[in-house]
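As written, the chain order gives the labels A, B, C and D, with residue 1 at the start of each chain.
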Amino acid sequence: SKYEHVRKYELDDELLPGCYIVIRVDGKGFTKFSTLHNFEKPNDINALLLMDEAAKAVLVDYPDIRIAFGQSDEYSFVLHKNTAIYGRRSSKLVSLITSCFTSNYVRFWPQVMGEDRALKCSPTFDGRAVLYPSEELVKDYLSWRQVDTHINNQYNTCFWALVQQGNKTPAQAQEELRGSDAEFKNELLYSQFGINYNTLPEQFKKGSVVVMQRRKVVVKMTESGVPVEREKTEPTVLHCDIIRTEAGAFWAQNPDLLK
Amino acid sequence: SKYEHVRKYELDDELLPGCYIVIRVDGKGFTKFSTLHNFEKPNDINALLLMDEAAKAVLVDYPDIRIAFGQSDEYSFVLHKNTAIYGRRSSKLVSLITSCFTSNYVRFWPQVMGEDRALKCSPTFDGRAVLYPSEELVKDYLSWRQVDTHINNQYNTCFWALVQQGNKTPAQAQEELRGSDAEFKNELLYSQFGINYNTLPEQFKKGSVVVMQRRKVVVKMTESGVPVEREKTEPTVLHCDIIRTEAGAFWAQNPDLLK
Amino acid sequence: SKYEHVRKYELDDELLPGCYIVIRVDGKGFTKFSTLHNFEKPNDINALLLMDEAAKAVLVDYPDIRIAFGQSDEYSFVLHKNTAIYGRRSSKLVSLITSCFTSNYVRFWPQVMGEDRALKCSPTFDGRAVLYPSEELVKDYLSWRQVDTHINNQYNTCFWALVQQGNKTPAQAQEELRGSDAEFKNELLYSQFGINYNTLPEQFKKGSVVVMQRRKVVVKMTESGVPVEREKTEPTVLHCDIIRTEAGAFWAQNPDLLK
Amino acid sequence: SKYEHVRKYELDDELLPGCYIVIRVDGKGFTKFSTLHNFEKPNDINALLLMDEAAKAVLVDYPDIRIAFGQSDEYSFVLHKNTAIYGRRSSKLVSLITSCFTSNYVRFWPQVMGEDRALKCSPTFDGRAVLYPSEELVKDYLSWRQVDTHINNQYNTCFWALVQQGNKTPAQAQEELRGSDAEFKNELLYSQFGINYNTLPEQFKKGSVVVMQRRKVVVKMTESGVPVEREKTEPTVLHCDIIRTEAGAFWAQNPDLLK
């Protein structure tokens, strides 16, 4: 049509080749959303599992994602540095992955959160792309997120213990924790509430690592009820340390994950 | 943490001030998705209504959107040229609007499509931002999409008439229509299938225009059953021409919409 | 060659269509450069004329430049909003115009500054591109630069009068002028130094406006010594107001300059 | 002033951290420029030396440049991946380096090209920034340019031998060389013109590599005429291979140049 000229305003936004592409999504206003939907404090297992389900669906759709990491209301997806998907167009990648995550989050909500906890509004996520020129930097990025998980979880565990068990007001709890270090918080949890921080679920302390793994999966049952297994590559959620790099640690065991 | 240095890889992506921002979302692989979910051909009224519902929810959340236009599996949202929302950050805007649209599409699916037509996969949308420096160009953009609506609808109406009523194979139908003009298609519909194209629903021929309008809304009933009305600004869906600019036409009636 | 793959790292940097492109160049470290080359204070007529010469050469090479404005060590070039030059590639435009300006500045230096004032180092300029979506904004941009010219010139005139004629130290002069308004400065110039600011050369107060103008130019002499004139479009330097828009003012007299 | 609002149209253009920044400048229309100024064919030693002088001046001004490579009318400057110069702003870097190169090219012209070969027009250069995420890619980039040097030089040497000594027209020479490989060209030079390509100056075959090197420099003479030397870090031009990486080769001898 005679209006086609408007197409030339659509500019190229290709991301620099040779760099890892990290797409991070983060829930918009989840402070309010989690209250509205009665998320358990500080960690709602189901809410976290729902995040993991949505992330797994993203990995299935985008095989160039080598690893993902999630915590709280956010998930980061790391695409291989040489991916050519959608011509590495920034908006395409950011929008599609954010949309895919959102779609699965909403679709799986009833199953994971329970039919009795209906959605009262539409959860939305923001998304962004960040480029990292080296494997080292990607590992630093993931470490950054996992350290953040730990710091926030420790803080929140103390905060809600003080509020829910210690009968403090939120303001008092905040005041008591202001500026305190990790040791102080561990001590507080143990002495006041008998909580040994180290024995809390790894899921809360470490967040979720998702990688594609070759695994035996039961694909059907024979007539006589024997499970038939087959090897399949599937997204797998781990709650392990991804900061350490020494022998035996995650990166030592997965040396080619980012190669 | 010692990993904070990775933050500086996140670069600014502010969109040029003073330009209208158009965010267009488009269903990923909806050729397949519409078949999988038995969309009526060429137009599934409920599928189109679901698109409109999702769009209306976007307008409610983002008041700087002055007008939106939808057709088929796509929707365009026009933000005012001086919007300062999220610092005009491109990824923020693209991802949030795409996510909001997706979330509402999935959430309202059962209501609008019917409980018996369950989602078999997670619908996803891509999104992009395009800048237009003038009101004139925004109108050209919207005209471009509406002309496209008309062309596609006319073609699809003929195509599916030939296939469903004319017993042609898809290949034959395609062949018959190749290179034909508007007049030929209207004639074909009328002479072969008794369809007067002009009398088809405006919704199919014109697509959906969404604007915020001040309207009387019933907010509650009095005890004696009398409806209580209040003026509210609400997203309203129109199926009108947005190409013409003469007196009486949409733009003449809404002179300040983009001001 | 087998190394061609490195080409794909060169990304597109097309500037948004439909916007005026302003390229501004500014001398790098001209505080030092002007001292090193004994520029007259506060305004060195020859140095300013050299800037104008360089700018004129840029306009001759790039016909899509509609207007340029210069002052101090800077020059701004306004390209028409629909220019398609070099595919509107940002780096191409910024680098070529900055290079062209620099090249002419150095080449014309001896002629304009005098053979006795040799270049002691290589003057360099930075450059940048700024987009403006409307004619109105371009005028505001030019007004911004011209107001700046006025403010700086008034300040510098006072400052150097105090230092050179008033026997103040630079620090004392600065102190005396801190926070003072235009009126105070005019009064100071008049009462202490007998300078009527309004009668200073327009070149200093208004900066230089360059436009292409159709003018009679002497192209040769006949054998009998009669000058032969021809109409030519040539870059012309004006020292006029470009802020006012009323009847008779520059913009009223040149209504189509930016059209 | 009330026009300051136009400043916000100036957007951030920071280049991704952690990547090597290559700035390449290239003469605009040097086919014509070299003819106009009677450059020797195919290589004008003085013209090449002038390029080297300009490049050396750039390295002196921008210490974060680790290596530069020049050939024909182009020069590439490689900035260290962690340079923070000018906040890594793309336009700043591209314009300043292009301007600095241009300025020195024009300023040194008379000295290097000879007073009798005056500049007839103002040479200008375009500039661009390209990012490379790894050392390996930077080496590939430099190899790409050096292979290009070789290919062009071999072609041009044949072409001008055929035209200047072989009495061919340019069209005939072009025809004779079309599609021929390196061996054919070497053979042609040797058999028809007695030229052994391998013995041509390295400067022509390899281009110019510029690095900062610690060297003994004569800084003055004592009264009795004894030269006084001092160690200085100075830009040094080499005409060596930068493609090979084995022991003894350039990269093996300069392992930390890009570290």
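The rule we apply is simple: a residue touches a chain if its C-beta (ideal position, glycine included) is under 8 Å from a C-beta of that chain, and two chains touch if they have at least 3 such contacts.
All values reported here derive from a predicted model rather than from experimental measurement.
Peer 1: Mind checking chain B against chain D and telling me if their interface is mostly the same residue numbers on each side, over half, or mostly different?
Peer 2: Over half of the interface numbering overlaps between copies: same.
Peer 1: Which pair wins on C-beta contacts, B-C or C-D?
Peer 2: Between C-D and B-C, contacts are more numerous in C-D.
Peer 1: Taking the mean of the CA coordinates per chain, how far is chain B from chain D in Å?
Peer 2: The separation of the two C-alpha centroids amounts to 54 Å.
Peer 1: Go ahead and note the Å separation of the Cα centroids belonging to chain B and chain C.
Peer 2: Using C-alpha averages as centres, the distance is 48 Å.
Peer 1: Between chain C and chain D, what distance separates the C-alpha centroids? Give it in angstrom.
Peer 2: Computed from C-alpha means, the inter-chain centre distance equals 31 Å.
Peer 1: Among all residues of chain A, which ones touch two or more of the remaining chains?
Peer 2: Those would be 9, 16, 18, 131-132, 137.
Peer 1: For chain C, which residues are in contact with chain B within the complex?
Peer 2: Listed in rising order, the residues are 16, 18-19, 81, 131-134, 137.
Peer 1: Along chain D, where are the residues that touch chain C in the complex?
Peer 2: Checking each residue of chain D against chain C gives 1, 3-7, 9-10, 25, 28, 57, 61, 90-92, 94-96, 98-107, 119, 122-132, 137, 140-141, 143-144, 147-148, 151.
Peer 1: Residues of chain D touching chain B in their complex?
Peer 2: 8-9, 11-12, 14, 16-18
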